[in-house]
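Given below, in the form of structure tokens, are the structures.
Each of the two complexes below includes chain A, the first together with chain B, the second together with chain C.
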Partner chain A sequence: MVVFRSAALHSCVLLALVALFFVLPAYHVGAFSRIMVLAIYAIGYNLLFGYTGLLSLGHAMFFAAGMYGFGLSMNFGGLTVLPAFAVGVTAAGLLSVAVGFLALRTIGVAFMIVTLMFAQTFYLVILYFGEYTRGDEGFIIQQAQRSIAGIDLTTETARYFTAFILFAICFLAMARLVQSPFGKRLVAIRENEERARMLGYDVGRLKLAALVVSGLFSGVAGAAYAMLFGYVGASFAAVHYSIFPLLWVLLGGAGTTVGPLIGVIFMFYLIDVSSSFTNAYMLVAGIALVLLTLFAPQGIAGTLRKRAVSWLP
Partner chain B sequence: MDFGPHLMLASIEGAVISAILVLTAMGLSIVFGVMRVVNVAHGEFFMLGAVFAWAVSTMIGGHAAFGFVAALLIVPVLVGCIASGVDQLILKRIDYDVDRTIVATIGILYIVQQSTLMLYGPEARPVEPPFNTRLALPWFEFGADGFQMIWPWGLSVTTYKLFVIFAAISVLGVLWFVLTRTKIGLIMRATQQDREMAQAFGVPVNRVYSWVFGLGAGLAALGAVLVVPIQQAHYLMGGDPLLLAFIVVIIGGLGSLPGTVIAAVLIGMSDGIISVFFSPTLAKIIATFLVAMVLVFRPQGLMGRVAA
Partner chain C sequence: MAAVSILETKGLTKIYGGLQANTDINFSLRRNAITALIGPNGAGKSTFVGMVSGRTKPTNGSVFFEGQDISRLPAHKRIQLGMAYTFQITSIFPGLTVEDNVALAAGRKLAHDKTAHAQKTAAVLDKIGLGDRADQVASDLSYGHQRVLEIAMGLAQDPKLFILDEPTQGLAEGEVDAFVTLMRTMAKETTILLIEHNMRVVTETADHVAVLDQGRLLASGTVDEIHANAAVQAAYLGTTANA
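Showing the complex of A and B:
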């Protein structure tokens, strides 16, 4: 029954996203393409934070690794879209293995600070090689290059549905993953690491696997962002972009499959609306963070699960 | 200029950086030591100190010294009160839970920073130093005619910079005295060692937390008031001090105050010297990476003890 309900819920979400394309005006269709790409990033972050209980403050480096892996290999390596995408995701994967080996030696506050420091190092390295990366200013990937098998990815329709397909794959894969024995073990680590270890699970390896999967998803999101919107810049590696996924997941509901998407939609429109009033739009993000920690630490989906729909995956 | 005088100039710059850094990092370290709270918004209290210093000194007018002294007296107290209010309003309610305080202080960071952007604007504004005489410094040389003292061109220091170094040392002295020789210090140390036991002995732990959080922010603000005549007040100026203070506190050992002082001098001096001779970005890359490595392989810091 629960399996059926959760399958129904996930299909409804995906169907709704398809329907939105035909209903929404052009501006919001563009916004939703962006939201779906960012939601992939949030889904990846959620696996580590929501399910495994590891709070990373440096995920922007994986997002940026995907983005720069894609952008640099296209601009300097002369690759086409698909191989470049693979390069981006691989770069994020390798980086997350390396970071995982080092950072997972620490726990708690130290883990947060170590990930923050690694991300900061990565950001500074991008600035240091400004000759290739063009630093904060960033670079554009030419429109002519952005096509797969003759389909021009820069049209609104192609962009929306590419984002949708990628999102659907990641969304369903993650829903599957967290129900699998692997996902359950991660939850066991979140709830009580010592007990999980006593039960004979290799906690270190499981955490590393969670971090790498999470990093890969972030890399997919980063490469997809560069592919669909044609811009690669160092601001995506800055500390803001490590805070955003935390905010999205907290807002939507950590440890729920639909939470990341809900969080991104809410935050995107909150910032979109407030930035038309003031240039200090990050104020909204700050207030949201404080209010969330004070009143709704479980986020929207988490509160729903607690109050009304206990079967929410 | 030759290498020697150049190095001396870089060391003076480093000493000024260290002086400011030691105050900022001390605030972070005391808050972490006593409350076990990682205050990510610490850099924003530093920034508030600088912005308020500008506001106070502009309001007072007259000779630069009046405004500066007024700022030195008023601003740290003001920022401390704001921080105490934040502690009562937000941190107390989430019971100082480690993960949640980090998220909450990230929120506070953005609230403070963006409110400043709205009210104060994106401009960088200077504060005039109360005194700023340039002193030429001598350099010794063994030339053809033996030992002699020369006055190389450009080798000089302003009196204000010397004052900053002196002020930081005096504040540290007072702080050391308060922490080790007075009842206030005793209460703080008792709370640090065992919160529940302290409460059982009648220490008002909640009030202590609030004061300590205010003290930490006040120290950052004091550092900012001192730095603002050298560096202008800007709403984004909190980022670098936060990162450097974090580095110092980690290298010194989380919560170890002597470690913090030593690390601040070490980091400040090397930051000053490396950025004069090499690219500042490269210096930052190396520093951040090394700190991450220290934390990975020696989580208790260079001077800290292993946590029980």
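Showing the complex of A and C:
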């Protein structure tokens, strides 16, 4: 029953995203292409934060690893889109293994600080190799290069549906993963790590696996961003890009399958709308965030789950 | 043929700063029996089972489980060998349902087989009397039911050795009776090491008793032998019901 409802909900979300393409004006279609890519990032973050209970402040490095892995291998390695995409995701995966081995020795605040430090280091490395990365300024991936099997990814339609397909794969894969025994064990760690260990679970290995999967999804998002929007820049490795996924997931609902998408949409339009009538849009956004944190601490989907739809996956 | 003892410790010692919580404990635990570990508060009982299960790192000494030296194994590996452990301070997954709590305990061995996993979970819930609360969130349970849930999580693992640290603490009389019955049925298939304050539970369940005092193993034997032991008599049994 729950499985059926989840599948129905997830199908509805995906159908709605397809429908939006046909009903939304061009500006919002573009916005939603971006939203779906960033939602992949949020989905990855949610596995570690929402399900496993580990708060990372350094996920921008995984996003950026995907982005730079993609961009640099195209511009300097002469790769085409698909192999470059694989390079980006692999880079994020390897980085998360390395970071995991070191950072997972710590817990709580120390883990936050260590991940933050790794990400800052990564950011500085990008700046240091400015000759190749062009630092803060970043670099463009030529429109002509951004195509798969002759399909030009730079048209609004191709971009939207490439983002959609990637989102759908990540969204469904993650929904499945968190319902699997592996996902339940991660939740067990979040709920009571010592109990999980004393049930015979290898908590260290499970956490590492969660971090690597989370890093891979972030890398997919980073590579997809570079592929679809044609820009690679160090600002995506900066600290605010580590804070964003935390905010998205908190707002949308940590530990829910739809929360990350909701959070990204909410925050995107919060800033979009408020910036259209005031310069102090960050203030408006900030106040909205504070209110939501006060009155719906479990985020939008989390609060729905608590108040009305207890089966929400 | 399986050896008579399932667990042995040699020279097990734990020093906290200047405090000798456990001193040179040589202990042997009989298979398929219930052994009660008693002793006053602070005697070192929790420390001892902590070192056996791998939660606490000993200062010195070794632990053998079914003849294998497990002194260097991390806790989760020892659990995988067939130990189960319930904490003195109730330790469950508070935000999950009762059913999910038990399913996680059963799932380490059975998660690959959905049917067997569901059956095992249901059977344990039924056996322990939590079947009708399966969908309740664990943190909403009464204290007594939370303790029972933790015992259920031990059962669900089908352990060879089940270590329970003061499981009846804070339970109502009726719940204690149910616990005694449960221990007796369990003792047929598994070995139980029970830290227990309630002497009625000890006399009604235990085949063997070990007494710990100030970090030292003072005596061990059958319930009658312990009753007859002058040192123990003088120190605890005669003086307080809260042995």
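Criterion: the second predicted complex is superposed on the first by the 296 of 313 C-alpha atoms of A that agree within 3 Å, B and C clash if a C-alpha of one lies under 4 Å from a C-alpha of the other, contacts with A are read in each partner's own complex, and residues count from 1 in each chain.
Everything below uses one rule, namely that contacts are C-beta pairs under 8 Å (C-beta built on N, C-alpha and C of every residue); 3 or more make two chains touch, one makes a residue touch a chain.
What you see is a predicted model, and the numbers here were worked out from it, not measured in a lab.
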{"item": "Touch count on chain A, higher of chain B and chain C", "value": "B"}
{"item": "Contacts of A:112 with chain B and chain C, given as first, second, both or neither", "value": "first"}
{"item": "Partner chain in contact with A:258 - chain B first, chain C second, else both or neither", "value": "neither"}
{"item": "Which superposed partner A:243 touches (first chain B, second chain C, both, neither)", "value": "first"}
{"item": "Touching partner for A:55 - first (chain B), second (chain C), both, neither", "value": "first"}
{"item": "Partner chain in contact with A:203 - chain B first, chain C second, else both or neither", "value": "second"}
{"item": "Partner chain in contact with A:102 - chain B first, chain C second, else both or neither", "value": "first"}
{"item": "Touching partner for A:290 - first (chain B), second (chain C), both, neither", "value": "first"}
{"item": "Interfacial residue positions of chain A with respect to chain C in the complex", "value": "181, 184-185, 187-188, 191-192, 194-203"}
{"item": "Touching residues (chain side chain A, partner chain B) in the complex", "value": "55, 57, 102-103, 105-106, 108-110, 112-114, 117-118, 120-121, 124-125, 127-128, 243, 246, 250, 278-283, 285-290, 292-294, 297"}
{"item": "Chain B - residues contacting chain A, complex", "value": "38, 90, 93-94, 98-100, 102-104, 106-115, 117-118, 243, 246, 250, 254, 279, 281-282, 284-285, 288-289, 291-293, 295-297, 299"}
{"item": "Interface residues, chain C side, partner chain A - complex", "value": "53, 55, 75-77, 79-80, 85, 87, 91-96, 100, 103-105, 107-108, 111-112, 153, 157"}
